[in-house]
Every structure is written in C-alpha cells, then in structure tokens.
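As structure tokens, here come the structures.
What follows is a pair of complexes built around subunit A, which joins subunit B in one and subunit C in the other.
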Partner chain A sequence: MATDVIVRPVLEWQAGTVTAIRTETRQTKSFTFALPKWMVHRPGQHYDVRLTAPDGYRTERSYSIASPPERVGELELTVELIPDGEVSPYMHEVLMRGDQLEVRGPIGGYFVWDVSLGGPLLLVGGGSGVVPLMAMLRHRTAQHSTVPARMLYSSRSADDVIYHDELDGLAARDRAFEAFYTFTRQPPAGWTGYRRRIDAAMLAEVIRPFDKRARVYVCGPTLLVESVANALVQMELPTEQIRTERFGPTGA
Partner chain B sequence: MAGLISRGFLGRRRPAEVEDRLPPGQYLVTDFPVLSAGPTPHTPLDRWSFTMEGLVKSPVTWSWEDFQRLPTQTYTVDISCVTKWTKLDTKWLGVSVDTLLKAVQIDPAGRYVTAYSDGGYTTNVPLDEMVNGQAFVAYQFDDKPLEPVHGGPARLVVPHLYFWKSAKWIRGFRFMDKNLPGFWESLGYHIHGDPWREERYSGD
Partner chain C sequence: MANDETDMNTALMVDGNAVAGQLEQIFGRDMTMTVARCAGCSRDAAIGALMAFIRGPGVVLRCPACQSAIARIVETPTAIYLEARGAAYLRMTPQP
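Coming up: the complex of A and B.
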C-alpha cells in the first residue's frame, strides 16, 4: 500500500454549469458540467457535490468521475437514482441544463489508473460501479494506449448496462480490449454468456490471459467487491495489484 | 464560496435532535456502509497480535488471547465517514487506549501515533486525541464479534475524527515524534480530520 506524498492544491468549491444531461439507463443519468476552475484528474477519482437550501441547510455527496482527463474544462458525473435519496433525486428530477451546482475535486488517489501504470488491466464492475472504470477506459482510448484491457461487468439485466453501446463499440474497434457481461436477474433473449453473480470460476476465465500480472480495479456493491477481492487473493494475485472501491446498500 | 443556493432544493430534514448530531455536510444512515482500498485481510486469531512500539521504553505485544483478558468497556458513539455518511449510536465493546497505555512508558517526544494494520494501512492521530476515553480498540460491534469487512478481528475507533482514522484490522501503534501522514493523509485527505470542522481534505 505504498503511496507517494504529493503536494496538492486546496480543493475549493466551484459552481459548475450543467451543459448536458444524458439518460444512460432507467436509473442512471450523466451530467456534464463546465467548470471555471477545472483541474486535471486521474481516472478513478471522484468529485464532491454540495446542495444548499434557501435557509442554508446543506448536504454533500461524492460521485465518481466518468469523463477522462483529456476532456479539458469539463466534468462528467454519472449518477444512479436512489429513489429515497436526497441528492440523486434532485439531480435526476430537478437539475436542468444551465443550472449551477457546487462541486469540488478531484478527490482520492488510490483507486486510480492511468496509462503510466501500464497493464494488463482488468476492470470488474457491478451496477453503477462501472463509472470510475469507464473513466479509466476512456482515458486509455484517448491516449491510444494498447495496454491489454478487459472489463467484467455485472448487471441485473441488459437494460441496466450503463455505457453499453460505447463499450461494445470499443470492443469492436480495439483489439486489445474485451468486454464481458454477466446478468444476474434477466439476461437478454438468446444470451449465451454469463448469467450469474461474478464468482471465482468466472474471474479465472476472464483473467486467464493476464494471469498474475493483472492490475485489477473492482468497484461495486460491497458483496460483489468482497467476493471478487477474496477470489483474487485466493488466486494469489499480489494484493497491491488489487484496488477496490465499494458502496454499501446506502446510496445517496 | 458561500453564496450558491441550489434552485428547487429543500433538503430532507430530520428532527432537530438528529440534525444537531450530524456534522456539516453529513447525512444519516442506518445501515453500515463498507469502504476499503483493497482486499479484506483475514488474519487467523492465532496469528493476530497487537504491538505498541516506537518511542517507548520497551515495546509490548499481546496475543489475541492476552488481549481478550484486558479490561473492556462498552461504548455507544456516533461515527462519521468522510464519504458523507453518519451513523448514530453505534455500539462497541473494546479496550480503552488508556488501558493499553498503562503497559508502556512513552518517551515524552512520542506525541504522535501511527496506527498500523494488516494489509499495510496506516493512519496518524496525535496521542493527545487518543487518551482520556477518546479512543479504543474494538472487537465487538452490536454484541457480536466484529466482522472482517468492518475491520475485524479488531479495529481502532476514534469517534471524534472521520472514520478513516479508525483503522480497520489494527495490529499496533507506533509512537512517533512527528505527525507522519498515513495512507489517506498522504493521498490528499486532511492530516487531522475533525468532522465538526469539516476537515475532509488537505487544506480544509
């Protein structure tokens, strides 16, 4: 778990202006912000979002960055709607193009990957846990990197797959990238691929060409992350090559 | 910046007695979210030990069995994670740091503690903020053995600081003459981490 101490600028709140809102799935939308004080980030980092009511009441949440650092001046966050949440329903139902939202970041320095770290790269995601992994892939593409990369992505059904077209398009164009999906509730008609929760056997199949050289990033619900990380340790992958980001049943 | 009101945002209010216990920017949870940077270590109890070392006259190490014989206390505390959640009235059983400190003689220069864990995690806390009932090493949560995902077999709990200071999978304290940044503190998080002053990130 060695880390380098890097001097960082103070993270100030800034008002981002919403320039685009895109519906990704029934439960997720991507929000693009123009930032007056944009800073380069490392793929995998997140931003904090702060909402303020007229009487001064405030609340904050953290959301993973979906955009690559190559998109200068802009920030894209993909946010899952938590129906009884406080911030995600506001973003999904109230926030419009032209609105301002206070954000600060980028934050976090361990669950990050950039091309300088090399590969081979295995990205394992569950649900909206795919968001920071997508920032890594988008960065890899923007850098024309040929680092071998695979994504193993668990969703309930095909309708819940975020960035589906983009991932399929990338897999079709980029011979060094492959996407593997597994569907835990409702696989699409005629689906011949995985249709269960990610388990050790599935991981072993997907990781095979990379073997113990793989750098693995795992993001998703706690149970998924625990079982994947434990399985990787059982396979004797060095623990420093396994980086995790988790979210519990409580969202935002 | 202070001024921006979020158009159309009213917020989800809680009763005042709850609201008053939520540090700025935090929201209430009733479950127990899990956040860790890497795989969960699973150290067998017969290979677990707890050590106090560094600027002490002679280091001390307890086996799991010995550690269980130390006097315990129950604690009911509110905990706040830098990722914004706060959980009220969490119930722990553990050994007060005051109790542990009776076993060593600390050099007067040893004013800072690096807590270190299985898996290589570290975090730094000033000794002043670990004494007088402010911190404990817990091995039960809600009357049950502490689960590995929550830091079991034992974790440090320093409830008045953001929860990354409450190192999971704790294995020891190293007494230091300087406030050496730990794992998250080296990655842009605040050196101190007081939720009531919203000391989330370096420079806050």
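Coming up: the complex of A and C.
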C-alpha cells in the first residue's frame, strides 16, 4: 500500500450506501458502506457520521473503522446502540440496506497501528473499544504479519463479546496471537479465566512475555482507559509506546 | 458531591481523537499527531492525547498533565472561533 504517496484530498462529507448490516451482539451491529470516494485508511482511524433532520438540525458522531484497509472500496463500522443517543438508535433501528448516510473520513493519526510499526503488540479493549483494535488485527492477518500480538478484552458477559468467533478462530490458527477475556458481570458457566475489571495485576500477567517492549493500544470507556494507562505508566512502560482512545461514559 | 461531579466530568471526558475531524476541517490536515506545549506547565502532548470535553456548546481541550485549558473551539452558523492561548506553541511536521 502506497499510503505515503497519496495526496490527501480535503476532508469532505460523502454519501455512503449501506450494502450490508450484520448483528454482532445485542447492542452492536456492523454496517458496511460502499463509498463513492473510498480512501485507504490506517487501522485505528475513524469516520464521522452526520445526520440532518428535516428542520436542518444536525448532529454527528465518530465511529471506529472495523474493516482493514485491505478491503478496498468498502468501509465497515461497528456501532454500539446507545439507547438515549442521537445517531446510534437511527443506525440500529431505521437504517436499512440500500440507504445512504453522510460520512467523512478516514480521520486521525494518533491512535493508529500498521505492520510497519512492528510489535510486540498488546491491544486492550473494553466493550465496543475493541472495534479499532479489530481493524488492527484484521490488517495484521491480511498482511500475514507474525508480529506477536495479545488482546485483553473486557466485556460484561459472554453475550457482549463482539467478534467472539473471529477472535477465537484467529487465536486457534495464529500461534503469534492470543486473546484474553475478562467478564465484569456474568462470566460464562464454568469460566476459569478473569472475572473482574482490568487491573494492574491482570495487565502485568498479560504483558509479561512482551515486557517493556510492548506497544500498547487501549480503547474503551474513559474510566477504563484512564486506569489502564495509569497502570502501564506505573509499570514504567515508555509513554511513547502507549496510545489511548477514550469513548466517554459508555460508547461513541 | 464534589467528587461525584469530578467523576462525572472524568467519565464524560474523551480525548483529542474525538475532535480530529473538526480540527482537520479547520487546518486542512490531520492534527492529532501535532504536539501542543502547555502554556501552563510546559509539558508536551500530542493533540490526540489531550483531554477533550465535547458535550458543551463548544469543545475544550485540556492538558493531560496539569488540566489547563489549551484550546477552545466554538462554531456558530457563520464562523469558527479557535482560542488557543493555553498553548505555548504547536509543533507539526511539514506537509509533503
């Protein structure tokens, strides 16, 4: 991918056409768009989505890209339903295949990882914070990268784990990748793994083989990101190896 | 009570990544990797890593080290106001 030689056009709104909608969990759906002006993105970047009411009222939200840049011409966003939100209920309950939606992107250069940055890679996600991390993993797989990677993923229950089958499948096939789950409300029956919020002890266990060489990407609700980032700094991981993205109270 | 308010503010806080689109619209380039030096404490932080408060009528970006306001952005129907006296400077790589 010659990402460096593409002249970046002005960021502008365009109408994406929904080509597929997939239910991921009770609270999340993935939307695939065809874009008239598709541009290669870097894993971790997001798109802004804008809604305009008949009276001209406008509102917009940012949603992480779930698809890897290798999926040329398509854009996939995984969106968590925020019941009292303004954009996600429309996307979940109104938007249908064939509909159009205003989007602009790709946006952001801080919370990004691609194989050229190397590893070892520790991805820490809470809830729908897993979405940009999945784009990184999908890109890593598409590039046949052997960069060692681990994911630590916090969910309320097993039903809330987004991309569960894909993550387990990847962990089974790819010896350089491991997924660690923790459940904060209801672990599955017979679960012997973590069953608490991510804390310093858990991070220390998961990061151990990578030690201070780890590049860490943390994405999720603000309070989770704050506590994970603080714990990493306490562990004396160089701050330039830590990248964070905060979603606010519950999600984007 | 004060603690509840602090916790609520923290929970509602996002980071500079959340206003990346708005900043790119203003500056014509990605600004999240641009470094801002805090005029209050002189520490450097990438704009993507600044604390961002976006639930008000405008956006406030704060220093992650000392919490001083680095910049405020307000959009009206006819103008964009960007006040950045909390930044000693911005450091960015030249565009190719």
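We take it that the second predicted complex is superposed on the first by the 241 of 252 C-alpha atoms of A that agree within 3 Å, B and C clash if a C-alpha of one lies under 4 Å from a C-alpha of the other, contacts with A are read in each partner's own complex, and residues count from 1 in each chain.
Definition applied: a contact is a pair of C-beta atoms (placed from the backbone, for glycine too) under 8 Å apart; a residue touches a chain by one contact, two chains touch by 3 or more.
These numbers come from a predicted model, not from an experiment.
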Fit-or-clash call for subunit B and subunit C when the two complexes are aligned on subunit A: clash
First, second, both or neither for A:23, with subunit B first and subunit C second: neither
Partner chain in contact with A:90 - subunit B first, subunit C second, else both or neither: first
Touching partner for A:222 - first (subunit B), second (subunit C), both, neither: both
Partner chain in contact with A:102 - subunit B first, subunit C second, else both or neither: first
Which superposed partner A:146 touches (first subunit B, second subunit C, both, neither): neither
Which superposed partner A:233 touches (first subunit B, second subunit C, both, neither): first
Subunit B versus subunit C as contact partner of A:51, first or second or both or neither: first
Those residues of subunit A which subunit B touches in one complex and subunit C touches in the other: 4, 8, 10-11, 48, 60, 62, 107-111, 222, 226, 243-249
Residues of subunit A that touch subunit C when the two form their complex: 4, 8, 10-11, 46, 48, 60, 62, 104-105, 107-111, 221-223, 226, 243-249
Of subunit B, residues touching subunit A in the complex: 1, 4-13, 24-27, 29-40, 42, 83-85, 119-122, 149, 181, 183, 186-188, 200-204
Of subunit A, residues touching subunit B in the complex: 1-6, 8-15, 48, 50-54, 57-62, 86, 90, 94, 99-102, 107-111, 222, 226, 229-230, 232-233, 239-240, 242-250, 252
Residue ranges of subunit C in contact with subunit A within the complex: 10-18, 20-21, 24-25, 28-30, 32-33, 46-49, 96
